[in-house]
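Each of the next two complexes has chain A plus one more chain, namely chain B in the first and chain C in the second.
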Partner chain A sequence: MSTRQAPMRLNLGRFVVFAILAFAVCFYGIPLLWLFLAGTRSEASLLTDPPFALGTWEAFSRTWTNLTTYNNFQIITWATNSLIYSVGGVLLSLVASIPGGYALAQSEFPGRKLILTLTLIAMITPSTAVVLPIFLEMNLLGLNNTYAGLILASGFFPFGVYLTYVYFSTSLPKGVMDSARVDGANRFELFTRIALPLARPIIALVAFFSFLAIWSNYFLAFVLLSDDKLYNLPVGLTALVSGSGALSNLPSNDVPIKKPEVVLAAILVVLPVLLIFMAAQRFVRSGMLSGAEKG
Partner chain B sequence: MHFKTLAALGGLALGAMAGPAMAQVTLNVWSDTPRLAMFDLYDKTHDNVTLNVTTVAPADLIAKIQLALQAKSEIPDVIFMSDIGYTAQLSTRRSNYLMDLTDKVPQALQDEFYPNGNSPCHVNGKLLCMRNDLAHMIVWYDKPAMEALGKAVPTTWEEFQKLGEELAPQGLSLGTGVEAFPLYAMLVSDGCDMVMPVEGKEDTVKIDLTTDKCLKPARMVDAMLKNGSLTKVGPFEPDFVALAKGGKIPLMIGPTWFGEYVIKPTYEWPAGKLAAALPLKWDDQSQPLTWSWGGGTYGAWKDTAHPAEAVDLVTWMSTDVANQTNAVTLPGHRPSAEAWGARLASDAYYADPNVFQVEAEAAQYSHPGYVSLRFSVSDAIAKVVVQPLASGGTVEGALPALQTELTNLAKLNGYQVE
Partner chain C sequence: MGAATTATAADRAKRARRKAVRDTRMSYLLLAPYLVLLVMFGIFPIAYAFGLSFFDTIEMVFWGFTNYQFVFDDFRVPASVVNVLAFVGIWVTMTMIGVAALSLMLDSINRKTANTLRTIYFLPGAVTSSAIVVLWLFVLDPSVSPFQPVLHTLGWATRADVIASVGLAGIFAIMAYFSASGGWIVVFGGALSSLPTEVMEAARIDGANRFQLATRIKLPMIWRSLVLMGILSFAGGLQLFVEPQLMGLAGPQFAQNDWSLNQMAFQYAFRMGDFGASAALSTLLVGASIVIALVIVFATRFYKID
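Showing the complex of A and B:
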């Protein structure tokens, strides 16, 4: 038996939708396309060839070597640091956000509304506004210039608490929880045996957003870290690029970090996020849609 | 470092037997990337000092120092400052970081610098840093091209303007008229009082852009922009690079580092073309007055636990001949510069073996007003002069607005304005 699909007709509405989508793809995709193509080009090519010219393997290879081998493979140290901060920060934010959001959604206790309001306020407060107080706090605790200090500061993720709260408020069937209670499950068991297994999409979503925030975090790392051996990628690469004068029109040095190396450095920062998003797309999408329909 | 620790322990053991040992000192140093090799050399050649060097983005230096001062921890003992403005910014009441070196660096050593070489380090009569490298403006030109054109290299600004008029119809130009620093250099070339320190008065500057000393260069730039003999694109923009590569810019005004780090790698002039000439002067001047574009400095923390070692490091970095011989840019210390310059004489890239002699002689004419300020004049020029040029404005027309902008900035930063 064969099935016949209805032929797609191009009416005005569909045309407008496709036109808007095509515009969006071009508007947001072209800079990314340029970035990836520019990573293969030499300094001279970047200045004189057409914007979307493809470079050569030799140029890319030289750029890669210049960037990765500079100062005894310092960039590898920064990438490792970024990974440590990100994994540590994501774990800490999950440990704090998931039970926090669950407790706010499933329990009634004095001060619950106040905590929810404070979570919302913390969410909308620009992160840069709290960086200095965090710096002074960490300084008091002797945690500046340590892995623990930045991980602890990065673990503060009110958006994750709020996302989890929304998820557990809307997507956790009340009947399932009541049945478990009738079967004798205590509060801890309700959370670990019922809520957590059902919360995989939201855990993935919180982890993804938390990773995104920590991986690309510049200002907090810039303020808390002054030892270049502890820099993360954004701070380390900024120091390298700024020091070489590649973008500031003061290239009076022999540092092999020029415009192509800067482009490649940008790709190195963006690439992990792109890859993780593509790998976790299914979870992220289902997490974002969770709670959209109460059931 | 492990070897040094062992050596230090060995020294201690020997000292216990033979008398007092030299104390092992660790200095925290904040450097930019290009200076790492020089600090490393000091570390290797000084057994009693270990350097703990951290790379800090030059643009972040002030904020980082302020944070460290606030936290009262991790404050560096010695720093490299890539911007001459940082000296003034790190010697304020709130960011009082820099050590006064006036009596700590022997006068004889200070006198070994080129004239005005340490001007960016003198703030209110105190020597607060030591200059690493000079970056004064000279004339760079394509020697075979100028010979083929049958033109002499100009020695005055009037000749420069005339040369531009003659070459513009052939599609040739003499550099940029819209980049802040070259524009700044041209505007102050006749002694225009564009935020110049007033001698004998602390934190006092003179700003007067209404005199002929400012109007004359402004009119020259306007005329040259109008007839195309100065380009309306900056020297790092693709259009300018294409012109320079295509032989359309036979001569330009640029800092001493332009030959090695812009014309050679970016404009890709082949060997045997590039030559240098002295900075230009005005007909009514007895000698040129040349501005600078860059040049870093070293400073030390005034409250360091190891002042003698910190001063020694600052002094060594800026004046040790063996160290500065391998510096990337022209040293401010004359004996170091002379050793450094030997390599230019044998460099086949240049069409003239006297490039270093030109740079050294030009250093005599460095502008005494190239000092450290708590705000950026070049940023103000970029905002108030360069931006209106793109929409048909003129330099002369922008001077009143620039005077207001600079006066406001000076007052905002605690200067008395005359």
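Showing the complex of A and C:
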């Protein structure tokens, strides 16, 4: 008769598990869902309608016009800047990571161990720890407030080197390389003709992580850039909020940036990453992240 | 005959040496872009800040530990140490318990549902840096919050009520957990699904139920990775900056400009123009991170270099 009791107990356990998982769905899902709905609603609707009311097309297009035209299309400038920093930074991180990780994985040379160790330390050290030292350095070099300064600094991506190193140590058979060497290819040709064509998955993975890091970089951009024409979107978002007082619930002023405009600007920061997450879902799930245990 | 053999051997050795030199040169050529960046943005800034921390940066004269003395004498510094430790304590605990519990639960239900839920948990990872704070300033404001009914039930009518009741350390921990934990849940989902099935089968045959399977078999098997996650979160949490720095977006009465250590280092450089003091505090913060990194690299075998 114990067989009849077991499912009962199991069901209670299952109930608790599903209750907790459902609670977590609310915690993670509701703020995000709210954000995207709120982008379509007017200020009055945000304050009086139920939290998940859907807005109107008119409200959305008014908000969109207010946000994009404000201060001479400032948000468009910031979005363009974000794109420039991201594309530049990602390309630079790839140019540094892929050949570097390959060299560390496929050959023995003096200094290799030291470089690997420094790479690990740099990768584990949170990038935020080095922001103020980098600011002090940039001040010395006169690279504050330049596109080049931020792109160079964000191109340094030791995690990408480590991922590439792991990839080439585990998935590029030494035998392939040896037979290619016998055929008379030199080291550089080995890299361009054999390693690079095999590197497509790791290029995608490094680009994925370095884009995430660069697109959402607030602290470094905030410290290096004081000219608002050079802001990226995350810094621009805060400039927009503090300039308009839209979140402070104080008596309103005549700046056209209110809560809906701020929501929409936040969506602009979040959406590209969200789309990339969706597109990359399969490969994110497939456990490629499992070698990538870094927060 | 003997002489000829020695000659070829010497030749061969010479050729091998020459090849080794060529190979080394090629490796460094491939590494060159990375090494330039490593020196520019890894080694040099840290060394430069370290050097600067011993100077009066206004007169540019060496003055030993004066900057460190100044930092330690600033009453806001011990306060920010307490703040940051409170934040890190709450955040790391939330992350370890939350990620472990949710990952194990997801591993015990059917695959399709688990994958959908994992995606939902993972998506807030797209909300980063300033957007986290902006979003949560809305969510914590009972007048617009999607959790309005809950906040009202708890008797909170304004954002100030919520912040006063939960505490800043708790609020920052919730913000950080919201964005950072989903990625870890995906990582542990992968780790759990690759555990050897024979062990699970054996345990099941021995009569272990799902709860025992999760807590006695799976949890010990992922424990090391959970600890690594805890250490990495601890190291990252010490550098807290964005969340407190942006509280002022909700209005001047919410501003917390010297809440965390990194904010203090920022204040010294930007509000007081004292780069020496900023360098001293930054050096201490980077030093703490590097010590943690060295422990992870040399005292554990989490990251393999052959």
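Going forward, the second predicted complex is superposed on the first by the 246 of 295 C-alpha atoms of A that agree within 3 Å, B and C clash if a C-alpha of one lies under 4 Å from a C-alpha of the other, contacts with A are read in each partner's own complex, and residues count from 1 in each chain.
Convention: a residue touches a chain if its C-beta (ideal position, glycine included) is under 8 Å from a C-beta of that chain, and two chains touch if they have at least 3 such contacts.
Fair warning: this is a prediction, and the values are worked out from it, not measured in the lab.
Asker: With the two complexes superposed on chain A, say which partner A:238 touches: chain B (first), chain C (second), both, or neither.
Answerer: both
Asker: In the superposed arrangement, does A:223 touch chain B (first), chain C (second), both or neither?
Answerer: Touch status of A:223: both partners.
Asker: One more residue to check, A:28. First (chain B), second (chain C), both or neither?
Answerer: Second partner only, chain C.
Asker: Kindly classify A:145 by the partners it touches after superposition: chain B alone (first), chain C alone (second), both, or neither?
Answerer: It touches chain B, and chain C stays clear.
Asker: In this superposed model, does chain C or chain B come into contact with more residues of chain A?
Answerer: Counting contacted residues of chain A, the larger count belongs to C.
Asker: Just checking: does A:183 make contact with chain B only, chain C only, both, or neither of them? Give me first, second, both or neither.
Answerer: The answer is neither, since A:183 touches no partner chain.
Asker: Quick check on the superposed pair: does A:156 touch chain B, chain C, both, or neither? Answer first, second, both or neither.
Answerer: second
Asker: Do chain B and chain C land on any of the same chain A residues, and which?
Answerer: Residues common to the chain A contacts of chain C and of chain B are 47, 135-136, 139, 223, 235, 238, 241-242, 248-250, listed in rising order.
Asker: Contact residues on chain C for chain A in the complex?
Answerer: These residues of chain C touch chain A: 22-24, 26-31, 33-35, 37-38, 40-46, 48-49, 52, 101-102, 105-106, 108-109, 115, 117-131, 134-139, 141, 143-148, 159, 178, 180, 182-184, 186-187, 189-191, 193-194, 209-211, 225, 228-229, 232-233, 235-236, 238-239, 241-242, 246, 248-252, 262, 265-266, 269-270, 275, 278-279, 282-283, 285-286, 289-290, 292-294, 296-297, 302-303, 305-306.
Asker: List the residues on chain A that touch chain B in their complex, please.
Answerer: Residues of chain A touching chain B: 43-44, 47-48, 71, 135-136, 139, 144-145, 222-223, 226-228, 235, 238-244, 248-255, 257.
Asker: Chain C touches which residues of chain A in the complex?
Answerer: 10, 13, 17-18, 20-21, 24-25, 27-35, 38, 46-47, 51-52, 92, 95-97, 99-100, 102-104, 107, 109-113, 115-122, 124-126, 128-137, 139-140, 152-153, 155-156, 158, 161-162, 169, 186-188, 191, 212, 215-219, 223, 234-235, 237-238, 241-242, 245, 247-250, 259, 262-263, 266, 269-271, 273-274, 277, 281, 284-285, 287, 289-290, 292-295
Asker: Mind listing the chain B positions that touch chain A in their complex?
Answerer: 32-34, 36, 54-60, 64, 67-68, 70-71, 73-74, 82, 133, 135, 179, 234-236, 238, 241-242, 245, 255, 257, 260-262, 265-266, 268, 294, 328-329
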